[in-house]
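What follows is chain A paired twice: with chain B in the first complex and chain C in the second.
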Partner chain A sequence: MPHKRLLLGLLLAPALLWLFGLIVLPHVDLAILSLRARVAPGEYAPSLRQYGTFIEEPLYWHTFVRTAVMSMLATAFTLLLAFPIAWTIAKIARGRARSLMFVLCLIPFWVSETVRTLGWMILLRESGVLPALLVQLGLTDQPIEMLYRDATIMVGLVYTSMLFMVVPLIGALESLDDTLIEAAYDLGGNGWSILRQIIIPHAAPGIVAGCIVVFMLTLGNYLTPTLLGGKNSLWFTEQIYTQFITRFNWEQGAAFGFLLLILSTAIVWAGLKLSGQRFGDVMRRA
Partner chain B sequence: MIPSLPRPAWLRAGTVFYAVLFFAFLFLPLAVVAVFAFNDAPYPAPPWRGFTLDWFFGNASAQRIGLFADGPVLASLWTSVVVASWVTLLSVLVGTANAFLLERADFRGKAAVSLLMLAPLVIPGVILGISILAFASRLAQFADDMWGLELEFLRPGLPLVVLGQFSYIVSIATLTIAARLKRFDRTLEDAAYNLGASRGAVLRTITLPYLAPALIGSAAISFLMSFENFNTTLMLVGSDPPLTVMMYGRMREGATPVLNAVSLFLMIASAAIAFVLMRGARSTQA
Partner chain C sequence: MPRIDLETRGVVKRYAGLVAVDALDIAVRRGSFFSILGPSGCGKTTLLRMIAGFLEPDSGDVLIGGQSMARVAPNRRPVNMVFQHLALFPMMTVGQNVGYGLARRGLARKDIEQRVGAMLERVNLPGSQGKRIDQLSGGQKQRIAIARSLVLEPTLLLLDEPLGALDLKLREHMKIELKALQADFGTTFVYITHDQSEALVLSDHVAVMHNGRFEQVGTPQSLYYEPQTPFVAGFVGANNRITGSASQVSGDLVEVTTEAGLRLFARRRGEVLPGAAVTAFVRPEVATLARSISSLPANQPRYQGTLASLLFDGANSAVLVREQASQTQFHIALPQTGQFADLAVGEAVAFGFDPERALCFADAA
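Let's turn to the complex of A and B:
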């Protein structure tokens, strides 16, 4: 039926334009860019020079490893902090309290990350609210600078990721049948064994979905580390920005971008393998 | 543990205590931003020097430039609105076509296409930005070399920002709309065809009205995500920055409470959108 083929073509065209024009081809181009080196003005040859620079220059791979480790830590902290709240909302709170708590979790994330980071800066900088409070309470003599520390970056990252953990966790915990927990309790299970043997296995898909999204967002974050960490933040996205925009060294920036993409894909893949889940299901859940 | 099981008093108290702490953590930065928009001081920092509306209505004669007299901030706010409107329009249109493609059409390679549609969600925003930047500039170079064409829209600027944001926001719109289309009862369409309705009439009177909540919801989400986007935008921005990029620049320099004022304005605006959406969601459920 030619009519049907025409319709299919019309539906397929925007999708293919989007996927190839904005996703596939640009990334292929980025790969090519990262694998060439300038030999003369306007002349390029295939080369691994950019990846060599990454390995030889300690600053670059230190930053890379540091970003990965901090992102994993931030993901773990977010999970630990989000779990009790998700549990409270999914299982303990009832009626109005429950919907109120859920909406309260969402509201801060309707406001842009820039605004939230501004809040943290006003709270934590040397002339800010918390240092002044500490002086008033007599805990410190002088206001202390709380910005530009790793712990501060961590607080900012956990804060900004919270929603993306809470929502999939609530979804996963809601679907757990209360009678399973009651049965486990009647059979002599205690809080810890019920958590380990019933709740966590059941919630695993939600936990993995939340962790993947949070890890991804943290790894690719730029705003929070640069503003809360200043020059000490050493975040890998900053290196990409510096190479691309400040130094105009696109080949190097492309190589860094690819390394970050490989790392993030590898971790997402490992998370899916470990929990035996499929990518499509996880993304739809998140 | 769940309410149907005995919970010791310390655990109940602990749950409430933790919930209070958690929500304090969520709202503290926002509260601080809002409060210091009214502080009568040149910087958003303690101590409290009295209430003022200067940071909203001040102008050159008051020695303080308030939000409604700050040309660059107002211009960037408008830029953000324009960009977000384009992104919303494109995302909802293409997202709807994609949803029909995924739920109604059958073609070779459908599984691959549907998986590829999720990929933008796991690519860090910075990398989406640089890959589109590099690819667009290669196209511009190519057009210049081959035909001597100067394609201005392929250089960093608002058209690229729109495309960059669209490239992943459309994934979210597609998921939202496809999820609703999946639950649609197709016998309704069959009934309409049996009663003699044309294809266009069925789409207009049956399918699209059914999809309306998902269309409105995904439009709101697209607008908000575009408005808040920073990572991808930063890489593609030209000479007129949207609000997030503008705020970022000023925050690095140490800004006046004008930023608090514009932040408060944003909080109120997004709260209003959220409120309207939730009321809408409730009325369609009833």
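Let's turn to the complex of A and C:
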């Protein structure tokens, strides 16, 4: 027995080291950082001033709430778009068509996120492809600026997140026995009732897993909102970046980072409670 | 004139040019237990799915309770199906499973609860509404699957080999239970299976299906004792199958001579011309086994042989006997009198059978 435990410890050592050294330690440091204030050059005292600033300054918490709401919306849109795709791949397509469709979902990820987002900018900016096309078609008098709008940020976020929703959904839907659907149909069910009573309950762990991953990726995304939304994006990660890099106010940045961590934890917890799923079950599907 | 609950008229289904179901006509009487028996790939599942509405026939019509079902979706047909692996909804409780169809019909919650309760009592699972599906045993799941369909009072209940996944002991038990349920509810059952014992035990009428066609439709007794085709003779029950040529035909009796030189007599089914290639069938229980040839009735052909193998299976025990001259193997049932309890492999034995109870078919040209 002691041998077995030692072996287990050794096997887990790299993961534990990584977890402790790269995640726990910096967070402890950030926590300390966020809870102190500079009283004199090189002199610090424990303080809640950073958190106070967040509450007092409307821009900060406005950005905070906006980021949360936009991320939830993006997650919902991604789910709505990904579900039919995952259903087609898992239940309808066969053989080559199936692999091809899956590859089509994967292809955008062969390009780095920066290049992909820059591609969107080329398409959408005022002098870009899409506004020019709209003018050519006579739909608009002059090219319109499509960048720096909330809708554009949303499109970019959904596009970036798609694969992370499709994959767990395919897994969840594939494991659904087709005869359950036939049985429900045979017993008088129709499309909507079967979706609501058979398919969604069965796929719930996969749906929740996809939503958690997409939500966290979206909430913590920096590049897409910044590039597509510009100064109007008002994304909370941008505030953190500004505090750390531009303002060199590490204490404030650390406090923001912690607030974001609390926010994502709270929303994921609420989502699990609302959907009646257990975290362990969900993560096995992700 | 009894009412016909299920009728098919010239139903045809092809898959990529292959005929799966070939111009089938069935008429199933109200309240009867009708089985479709056939080897896998004979088209029985295709036929069942056309009756349930999951497949459209290429031509022909399915009538249920006298109504044509052409272009009627499965959820609108007065037919329910018990699936091979039951397809109970694991995300619902037993009560929700049984009440699913009623809820879809828009019944009030109180009515549903009352009907589900009554149905669970009828299948001997009272008070199990709150249980999860994975808390049920195999037999209980079976009963819930049937209850879930019967609570809708369908004209017709289709059963797609529902006993296939059960172990032997439970399967034997469920056969009896299924027959009792059908008698109790009086619903018309259409049961498909590849297991001839299930079909014989359960059914009022059995259709033996082969290559998309019915070889024979009749009572279990008529299929067993009076098979009309060699396929039915070979598929229903155990049989010794002996191929040879008709060396003599006199009235109903045919003398069959095999290549190895064995000669035997059998009653002909259909036309058999002298010299034609034929197949004879002798059931294991038709042949009589004896220790010496003199103890067999003298008015029947008698053979000598050696015991090649003992197949002990309690009441179904049998022996393999190798006929002395031709080395042909015969599968012979062991009488339950105990006089053969000490029989040993290699022993010399004798056997004979009544030619009237052996059958002979001319081979298809």
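Definition applied: the second predicted complex is superposed on the first by the 259 of 286 C-alpha atoms of A that agree within 3 Å, B and C clash if a C-alpha of one lies under 4 Å from a C-alpha of the other, contacts with A are read in each partner's own complex, and residues count from 1 in each chain.
The rule is simple: contacts are C-beta pairs under 8 Å (C-beta built on N, C-alpha and C of every residue); 3 or more make two chains touch, one makes a residue touch a chain.
From a predicted model like this one, the values you see are computed outputs, not experimental measurements.
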| item | value |
| --- | --- |
| Touching partner for A:36 - first (chain B), second (chain C), both, neither | neither |
| Partner chain in contact with A:202 - chain B first, chain C second, else both or neither | second |
| Touched partner set for A:149, first chain B, second chain C, both or neither | neither |
| First, second, both or neither for A:183, with chain B first and chain C second | second |
| Which superposed partner A:98 touches (first chain B, second chain C, both, neither) | neither |
| First, second, both or neither for A:193, with chain B first and chain C second | second |
| Partner chain in contact with A:66 - chain B first, chain C second, else both or neither | neither |
| Contacts of A:49 with chain B and chain C, given as first, second, both or neither | neither |
| Chain A positions touched by chain B in one structure and by chain C in the second | 182, 185 |
| Residues of chain A that touch chain C when the two form their complex | 177, 179-180, 182-190, 193, 197-198, 201-202 |
| Complex contacts: residues of chain C adjacent to chain A | 52-54, 73-75, 79-81, 83-85, 87-92, 100-101, 104-105, 148-149, 152 |
| In the complex, chain A residues that touch chain B | 8, 10-12, 14-15, 18-19, 22-27, 29-30, 33, 81, 84-85, 88, 91-92, 94, 101, 103-108, 110-123, 125, 127-129, 132, 159, 162, 178, 181-182, 185, 191, 194, 212, 216, 219-223, 227, 237, 240-241, 244-245, 250, 253-254, 257, 260-261, 264-265, 268, 279-280, 283-284 |
| Chain B residues within the chain A interface of the complex | 1-5, 15, 18-19, 22-23, 25-33, 36, 43-47, 93-94, 97-98, 100-101, 105, 107, 113-127, 130-135, 138, 163-164, 166-167, 170, 175, 179, 224, 227-228, 230-231, 234-235, 243-244, 247-248, 251-252, 259-260, 263, 266-267, 270-271, 273-274, 278 |
